[in-house]
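Report on the following structure.
Should a chain be cited, it is by its letter among A, B and C, assigned in written order, with residues numbered from 1 in that chain.
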Amino acid sequence: MTNNKLRYLKEQLFGDYFILIVTILYVVVLLPFIPRIISAYNLKNLFSNALPLIIIAVGQTYVLIIAGIDLSQTSIMAFSSVMGAFIMAEKFNPDIFSKCPLWGWFITESGGLFSGTMMAVPAAIIVMLLCGVLIGLLNGVSIAFFKMPAFIVTLVNMMLFTALAIYLPNSENILYLPKSFVFLGKGSFYSIITMPLIIVTVLVILAHLLLSTTLFGRKVYSVGTNAEAARVSGYKVKKIIICTYMISGFCAACGSILYTARLEQGRPTLGSASLLDIIGANIIAGVSLSGGRGKIISVVFGVFFFVILNNSLSLLNLPFYLIDIVKGLIILAAVLLDVIRMRKEQR
Amino acid sequence: MITLKNINKSFYGVQVLFDMSFELKEGSIVGFLGENGAGKSTIMNIIGGVLQPDSGTLEFKGKPYEPESPSDAIDNKITFIHQELNLLSNLTVAENLMLDRFPKLLGLPLINKRKMFRICQQFLDEINVDIKSTDVVEDLPPGTRQMVEIAKALLTDADLYLFDEPTTSLTAKESAILFKLIRKLKDNGKTIIYISHILSDIKKLTDELVILRDGKLVATGKTADYTTDRMVMEMVGSEMENIFPPYKNTATGKIKMRVDCLSQPGMVKNISFKVRQGEVVGFFGLMGSGRTELARMIFGIDSYREGAVYLNDELMPKNKPDVMINNGAAFITEDRRSEGLLMNLSIDFNLSMIAAKSNSSRIFKRVSKRRLDKLAEETSKSLRLKANNIYKQKPKNLSGGNQQKVVIGKWLPEKPEIFLVDEPTRGIDVKAKYEVYTILNQLAENGSGILFISSELEELQALCDRIIVMSRGEIIREFQREEFDTAEIVKAAFREGYETIGEV
Amino acid sequence: MDLKTRIFNVLLKHSTIVMFVIFFVLFSIMSARFFSLKNMEIILGNSTYIGLVAIGMTFVLLIGGIDLSVGSTMYFSVVVMGVLIENDWPITAAIIVCLLVGLAVGAFNAVIITVLNFSPFLATLITMLIVRGAGLWISKSKAINYPESITKMSTYDVFGLIPMHIFIFALMLLITYVYLEYAPWGRHLYAIGNNEEISMKAGIRVRPLMFSTYTICGVMAAMGGLVAITRLGRANANFGSGEEFNAIAAAVLGGVSLFGGVGNIFPGTFIGIIMIQMVQAGLVYINVDIYLHSIIMALIIFLAVFIDSIKTSYLQGLKKKNIMKLECK
């Protein structure tokens, strides 16, 4: 009986919640050195940093589970940020934007295409999400139908849409976003329940339910584990691959909306440094690069771990260059641990 | 030359070689005969150093010989020409031939390419093979590649050559060249072991015969003393053990599946047949006769050029396995590992692969875990699956027989009306085989039509209502149950006496 | 086969070169200044440092691997060199250490991949982080300025004719070309990229060769960093970041496959590098908006990969037909 309980405890410890336990232990150990880490201000800051990243990383999880990779997520963030801002911004400074390729017909001094109308914010959100989904579609079709390697396809699309995001606004940030849009990123109820918290929670729950309780989720795991077996069992493998890339793009666009709203500007360089955090959080959450393995809940903890790590290192006043080294070593350790775990399981 | 004494070998508790002992004389061509699974390849792999025997000893040239790897065999001047190709397709023929002994350029550590191509070309011309040494392997047709593989083996100077079905992808002309080469080797005092399913080749080429059946040596002797009929007799034996469930005739008149004139160039030609409700139709043939390819085409996994497939009189579209499944078809693949199972996911996940669709809600397609769990448990109980915990254990930790049960089990909850079953008993032990037969019988009894592909004639004869024999992509003959005759069926598969039917 | 399809097949087979020629002709027509010896020299000169990195990358891609750490390696090795020079080390010694640092990073990758059995992607991603951090640590994340003794090397003409950096690039091109085409070990890399297991059966020492390949890639990255420094004279904190993608893009543009076993240094990767630089120079000459450059570059690479995948399936289909014909004979 106790043996069973022990085993159960062990399974939980090394299972889905492993990374959460590591995170908590990490915070507890650091607490005497930096008590500030659990101050209300710091926690709030920490959360608002982590929330958009969570939804983006969750999108990546889908792609990683089918044994793909999506490097274009950061460019989707930047591109949709710019596109959304173009549509809803309330005015443009002609000194800055008059050289833009879109000046005069799409954007004018008095704002973007839909600015001032009731439609401005909904239209912008729809366009932003559409950008993500369509870029995902482009990735997916190239990979599934034309058999191009995922790494190169998404790399090239990253280059392409990063460049487009910079080209369209001539690398200027787009200000004067409508208040109602900014509310999405900064608004809160009772000052604790922020809009991003609500949005991300809803999306993560949906993503979790989609992956773990629906037919589609089962198909995603099957394709990632053995695409040939999935095909023989009548699954439409190509369609599933395309869908996961579209989900990844959609999630990146959602993250972009939250960031854009919080920063109150359309930013052409948005997300350019977060690719490593996205993939790194997935890896330490136990998502396998060779496909078929990964859980949304672990990825959420993985992102928190990464964000807390960054936060604590800067609170410790450690020089920022150490952050990269520590991150690298932690991924290394996580993967080694995973290898050991898998070996144990095989026995 | 080489002596084997009391060699035993088992895989996963299944003994495949029993006290195998024989001796081969130097300078002779020895033919190895036996049905699939008789143990020929295992013997070859032991001599070639790929496998190690569980017990028994080998002697080569009078000295004890205990190869631990293929390179040990090579060092002992034994060359093994595998049935599958071991060529690097992105390199030229010459590079493949000389990969570990490139000619040097002026003593530098560089390849003298001109010399390399010249030496190889000379060698290829010498052995009368029409291949350019500068050709890249991936541009060559399969037969020519096989010749490259053979040339590669001949370029190594060995004393014993092992040929494992070298002619499966060769044209008649290429085969003739190969035979000439083998005879030349013999004239130079080399010893050759030659495995083939083509009895006429064995008869033509070899001096001595070794015949195996079920891992036991049943006959040796001079090839001249054997007619092809006697060879077949020795190969298949006469006694049939009681390892099959009793046959039941459950066939009705209702046609479940109809295949009309199915053709795909290079694969199958003009295949037509019917499967009735409750009927078990066996497909027999040698490796490469196109049975697996046919089943894959019918199920929509691969495409075909001409013909049509009907389920319950309804025309099925090409290349749509999902439509086939919706219309009540199931495909049990021969390749459990790469096509059948999700090795790293739990057993219950595997068992729910097909059933998940019909057990999900209309909107959002949320699967009912409760119902699927119940189905998975029922299935695993009805199949008597030996697993500790189907929710935690993964198929990769199961025995071959239980893995096969999972592959079959994932289809059962949907109660398919037609099963395409490809080599369901390959690599599993006798007891598990019996269980698989029982499952198939039960399915037929419940009214499913079964297309049963197998290379083991005994099981086909025990279970089937009809046996269709295929060779080189064509149907050679159909045997009704009352016509079943081992020798006749094997003959048909070997095309003995059927030479006139369709040349490929 | 009629003449038309035959020509089409030849063009398709050499699609990279065809693309190169098309762009060359296009730019030459659109801008008279583009078609000049001076411009050719500029294009070649701009190709040198990324070219050296791309050569190393080609090695790794040929065995079916990938190296994401080259950008960090470039930075780390020149930072070490810079610190040594600041501490009055002789230039030659500092340069040698710079290359040795590259070698060490490459060896580190090789250990993680061949001994710990990590996937190359993951292993080099980790190295990328650690090595970049180590470089920033040493440099205190400040820009490093290099003395004239380093920068004047780029203006030094070998034999009074060829600029130093072009000479180094050409020399490495030659050496690696000969190595891959004519050295037994070079051919073995192609074998490994095609099929590791068959290579092992054929007696190739797969692990040591893989090890050496990642090491070579590290050295080439350090050399690329060194050459870049001789021309820039300064290494910022983000020196070399993103170069791993440029190197991969150049190799892929030159027809090197990410699946291993396919591609070559010359003309392959060389054409890829030159094409990138040529298009960039050409766009300047025909006055294209600077922001559009990377968009056009990305589209070109996309096109190249797309053509490559179409080509593969087309040629496979063609081969099947031919083989069928041969078999029917």
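A few remarks follow.
The rule we apply is simple: contacts are C-beta pairs under 8 Å (C-beta built on N, C-alpha and C of every residue); 3 or more make two chains touch, one makes a residue touch a chain.
As the structure is a computational prediction, the values presented were derived from the model and not from experiment.
Taking each chain's centre as the mean of its CA atoms, A is the chain most distant from chain B.
When the C-beta pairs in contact are tallied for A-B and for A-C, the bigger tally goes to A-C.
One finds 44 Å separating the Cα centroids of chain B and chain C. Chain centres here are Cα averages; for chain A and chain B they lie 47 Å apart. Note on chain placement: the centre of chain A and the centre of chain C lie 31 Å apart, centres being C-alpha means. Touching chain B in their complex are the following residues of chain A: 209, 213-216, 218, 221-222, 225-226, 228-236, 292-293, 346. Chain A contributes residues 69, 142, 146-149, 151-153, 155-157, 159-160, 162-164, 166-167, 170-171, 276, 279, 283, 289-290, 319-329, 331-332, 335-336, 339 to its touches with chain C in the complex. On chain B, the positions that touch chain A within their shared complex are 299, 301, 321-322, 324-325, 331, 333, 338-345, 349, 352-354, 356-357, 360, 364-367, 369, 396-397, 410. Chain C contributes residues 66, 112, 116-119, 121-122, 125-130, 132-137, 140-141, 245, 248-249, 252, 258-259, 289, 291-295, 297-299, 301-302, 305-306, 309-310, 312-313 to its touches with chain A in the complex. Within the complex, the chain C residues that touch chain B are 178, 182-184, 187-188, 190-191, 193-195, 198-199, 201-204, 261-262, 319-320, 322-324, 326-327, 329.
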